[in-house]
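Presented sequentially are two complexes of chain A, the first with chain B as partner and the second with chain C.
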Partner chain A sequence: MGQTLVEKIISSHSGKTIQQNEIAIVNVDAVMASDTTAPLTIKSFEEMGGTQVWDSSKVVFVIDHAAPAPNERIANLHSLMRDFAKKQGIKLYDAGSGICHQLMVENGHVKPGQLVLGADSHTCTYGALGAFATGVGSTDLAAVLLTGKTWIKVPETIKIQLNGTLQPGVSAKDLILFLVGQLGIDGATYKAIEFTGEAITNLSLDSRLTIANMVIEMGAKAGFVDTIGLELPYEFEPIKADEDAKYESVYAFDVSQLEPQVAIPHSPDNVKPISEVEGSMIQQAFLGSCTNGRLEDLHEAANILKGKRVHPEVRFMIAAASTEVYLQALQDGTAEILTRAGATFLPSGCGPCVGTHLGVPGNDEGIISSTNRNFRGRMGNRNSNVYLSSPAVVAASALFGKITNPKKLLKEAVK
Partner chain B sequence: MGQTLVEKIISSHSGKTIQQNEIAIVNVDAVMASDTTAPLTIKSFEEMGGTQVWDSSKVVFVIDHAAPAPNERIANLHSLMRDFAKKQGIKLYDAGSGICHQLMVENGHVKPGQLVLGADSHTCTYGALGAFATGVGSTDLAAVLLTGKTWIKVPETIKIQLNGTLQPGVSAKDLILFLVGQLGIDGATYKAIEFTGEAITNLSLDSRLTIANMVIEMGAKAGFVDTIGLELPYEFEPIKADEDAKYESVYAFDVSQLEPQVAIPHSPDNVKPISEVEGSMIQQAFLGSCTNGRLEDLHEAANILKGKRVHPEVRFMIAAASTEVYLQALQDGTAEILTRAGATFLPSGCGPCVGTHLGVPGNDEGIISSTNRNFRGRMGNRNSNVYLSSPAVVAASALFGKITNPKKLLKEAVK
Partner chain C sequence: MILTGTAHVYGDNIDTDRIIPGKYTKTLNMQELADHVFEDLDPEFRAKLTAGDILVAGNNFGCGSSREQAPLALKKAGVSIVIARSFARIFYRNAINIGLPIIEIKDHTINDKDQLKVNLSTGEVENVTKSLKYIGSEMPSVMIDIINDGGLVPYLKKRGTYQLV
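The block that comes next holds the complex of A and B.
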């Protein structure tokens, strides 16, 4: 019988042909832990009697969630990571280097067809490369550090076909927000998702990372973006699902008429077309995160904000997804355009996304954010209201101090 | 009898001739409060029955000390400031705009000969312009908000004459560290200090701000940097002390042979020539603050780090003193040079200086910092060791992971 992508990758990593709903023991190609999870992973590893990780070249640590350290306790957790990484010969990206998921992709720690685990729920991002990547707990990761293996129950697969051409001002983030809204926050629980169709295969790498990043917002175990049209800085052998692979379900949408989408408080699946929420007041705007902190995203905002100035009562913050992204934005003038427009650049990293520091909102404030979650209190204040959107909507909304459709601004820019 | 600068300025602001040790009621030209003090100032103002500030055009609020907000409590204090400023028509510089003292100077909120109060101890910085500027408590500032006046006991004045030409790699920060070491942390308590001599009058505005910034580290009420050679973007009438003014004491130093200076833990007056502390290990380097976060300081570091890469075990962080400084560093390539060298830019503001967020060190770490205070715990961890130095020493030390004299690097750069 034909195989889905997840069946193929798990089979190739377990040494035998495995089908959905079976349990496999797999070899892991790479693992990642951030400052949120690495300290617990290290503790578990040592409690398990671990002395040397199975393969230090396959382990990556990143200090990104609360970086630079906002307090003494976290500073000492960072020190613990540095000490362990140094002793074990593990690659560690320190505070300011960028977001774990961006660094994994950018620096080739994950490649198409691989099986990668991270102690972070958005590890699913690497599905943009056609890798099987999923988040695991710190203790599970510790066991992988010891053995290089883990067990996986092979997920069933949902296929999503997106047809049509996107309108100007509509981007990958709108596609994935739309889908999260359609399927719901538990609509793909423990499923793999394969994305295909021209609206997907026309996307850049940056945009594909946005799509894969948010499959966890539907509960999915992993996502796979069709690798047709994918450009990477190295050669790779695309893996394709078999024609007769068995899918749990198949969805098809024509997205030609899709409006920009906004997830309103307090859930990523509480998604509305922008026309239903335009005019909602915002005091803070954030562009960044593993969802939308890449060069394409910064370009999108700069395109809207060039020569303009954000609303005086809006704090507009940007965190590039990595130092490399920041450097490119320095070189091509994007950082200057955005700074002149009133943006404040935060250190490359997670920024205010997880509410640990760097832009916790005040009570009753509205925040437009290019991030992936708006659960109550996610950004550090249960009395604030976080709206999720594309970079274009973030930029347009920052300009007017209220949720704004970027469409008319893009028309102006063309004239 | 002749008058010192402080006697002249206080006289002109009290409407009669006043001498040292007398108490004067003065008109205040401008007041400033930051997010550390404005919330208490607002509370006191309202407790005093205040409804409208005496002159909203003379009041400036700046959100810089813990900005962007690191937690909900501080976020709501920021909101309190914004609400009050909006209601009162007060100019507010929001998170990411820069450090209060830099913004006051850069945007002309303080000018030569004026009398300015700030609810921050480093308000003395404006003495670089030949203004009388001093820090007051939040409650005192609230009274000024009501009345536009305060009382001052006129300080006696210490005159410090610095002669000679500085060696390459030696800068204004070394001068003021040297003086703090000489006079001690209480060596100028409640005194004004007048700085003069060719080693002072040859300095740029940026450097003069560094000098005036640290007079509080000797306990001084205010400092005055000789305005000879001072270049400002507007015309001004220099005020000079009378030839026969009476000084509490006069110091003269020849600084031609001065080495770079370092204040070792845990006091700004614990100052050593760098040759005595070279080689001390550091894990964090910070370039920024109201002492040394200006363009000249960034240039100094870029000159040393161009084409090089900081030590892999050093976190090198930079916070420009203002968005304007950051923009200039973007435009002239300085930001790119420093980022390529491994620096992480923090939002323009106080950065890790006051230990509220953005780079709290771990236990037992050494930090080289261009800031003004290294009291135990100042940077948020009582078990870390902060060394104060010039930007050149910060950059050279970041390069080698240990305290390093920039002299030999500058020689290399010239070759």
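The block that comes next holds the complex of A and C.
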């Protein structure tokens, strides 16, 4: 019988042919932990009796979630990470370098066909490269540091076929928000997802990362974006599921008529077409995160905001996904356009996404955000209302102080 | 092992941000986690909870982040076991790894304040208040070994690496 992508990758990492619902012990190609999870990982690793990690070249630490440190407690946790990384000879990206998932992809720590674990739920992002990548907790990750292995139950796979071409002003984020709305927050729990179809194979790497990023918002263990048409800075062998692979279910959507989508408070699957929420007031706009903090996202916003100024009652914040992205935005003038439009650039990192510091909203405020989660309290205040959208919707909404469809503005920009 | 306690019942899709908000996760002090458990979901929770009580939820408990601080906070706060109709994947693994017992019961009818008696070895839960019995879903054998060893740290200390039977 044919194999799905996840069956293929798990088979190649366990040394035997394996099928869905079986349990396998697999060799892990790379692991990552952030400043939210690495301190507990170190603690568990030491409690397990670990002294030397199994392979220092395969371990990456990133200080991004609360970076630079907002207080002494976190500063000391950062020091703990630095000390451990130095002692073990492992790569550490320090505060300001960028978001863990962006750095993993940008610096080639993950490649197509690999099996990668991260102590962060959005590790699923690397599925954009055709890698099996999933999030685990700190102790699971510590076990990999010790043994180089983990155990996995091979998931069943949902196939999602996306046909048609997206309208101008509609992006990969709208696509994935739409799908999260369709399948629901636990619609893919314990499952893998394969995305395919012409709407996908035309997309850039940045857009593909956006799609894979949010599969966890449907509960999925991993997502795979078809690698047809994928361009990477190095040669790679495209990996394909077999024609006769067995799927748990198959969905097909024609996305040609899709309008921008918005997830309304307080769940990422609470998704509405923008026409139903247009006009909702916002006081803060955030462009950034591992979902939408890349160059393409900054370009979309600049396209809308060039020569304009955001609404005087809106605080508009941007955190580029990495220093590299920020540098590119500086070089091509995007950062200047956005700054002149009223944006404040935060350090490259998670920024307001996870509510630790930098841009915590006030009571009853509305926030339009290009991030991936709007659970109550996610941005640090349970009494605020977070709406999730594409970068274009964030920019258009910042301009008017209320949720706005970018379509009209894009027409003007074209003229 | 038999556990008995009072049920505290919550709904579906309780995410990890509501179990322990992101702003409190950066610590190695378990008491600091416990002090903020469920803060954005039910600020009264900590006052209501007596050590040994049982947390009961609907579908998809623990969805969202991979933060192990979520089960750690519940454990330190005194929750003896979590029963839910279903669990999000990462939370499920994390709870077992850190030694917080959990049982998935797809069709439970537990109400707030029901008295429960849980047999951890058989996965059987008795609702003493309602005189009903439920049976938990089966777990992969590697998870049962991890539970029996008391979590992933003692499991690996004992065995050195993963073993499948």
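Note that the second predicted complex is superposed on the first by the 415 of 415 C-alpha atoms of A that agree within 3 Å, B and C clash if a C-alpha of one lies under 4 Å from a C-alpha of the other, contacts with A are read in each partner's own complex, and residues count from 1 in each chain.
Going forward, a residue touches a chain if its C-beta (ideal position, glycine included) is under 8 Å from a C-beta of that chain, and two chains touch if they have at least 3 such contacts.
Everything numeric here is computed off the predicted structure, so don't read it as measured data.
Once chain A of one complex is fitted onto chain A of the other, the partner contacts of A:I25 are limited to chain C, with no touch recorded for chain B.
By the document's definition of touching, neither partner reaches A:E300: not chain B, not chain C. Applying the stated contact rule after C-alpha superposition, one finds that A:E278 touches neither chain B nor chain C. In the superposed model, A:I74 lies in contact with both chain B and chain C.
By the touch criterion defined above, A:E194 reaches neither chain B nor chain C. After overlaying the two complexes on the shared chain, residue contacts for A:E106 are found with neither chain B nor chain C.
In the superposed pair of complexes, A:S348 makes contact with chain B only, with no contact to chain C.
Between chain B and chain C, it is C that contacts the larger number of residues in chain A.
When the two complexes are overlaid on their common chain A, residue A:G380 makes contact with chain B and with chain C alike. In the superposition on chain A, the residues of chain A touched by chain B in one structure and by chain C in the other are 74, 357, 380.
Residue ranges of chain A in contact with chain C, taken from their complex: 23, 25, 35-37, 39-40, 43-44, 47-49, 65-66, 73-74, 77, 118-121, 123, 135-140, 142-143, 146-147, 149-151, 153, 185-186, 189-190, 216, 219, 221, 267, 354-357, 373, 375-378, 380, 382. By the touch rule above, chain C contacts chain A in their complex via residues 13, 15, 17-18, 21-23, 25-28, 39-41, 59-60, 63-69, 72, 86, 88-90, 93-94, 97-98, 140-142, 151-153, 156-157, 160-162, 164.
Remark: chain B residues 68-72, 74-76, 78-79, 82, 94-96, 313, 315, 317, 323, 326-327, 330-331, 335-336, 339-340, 344-348, 352, 357-363, 365, 380-381, 383 touch chain A in the complex.
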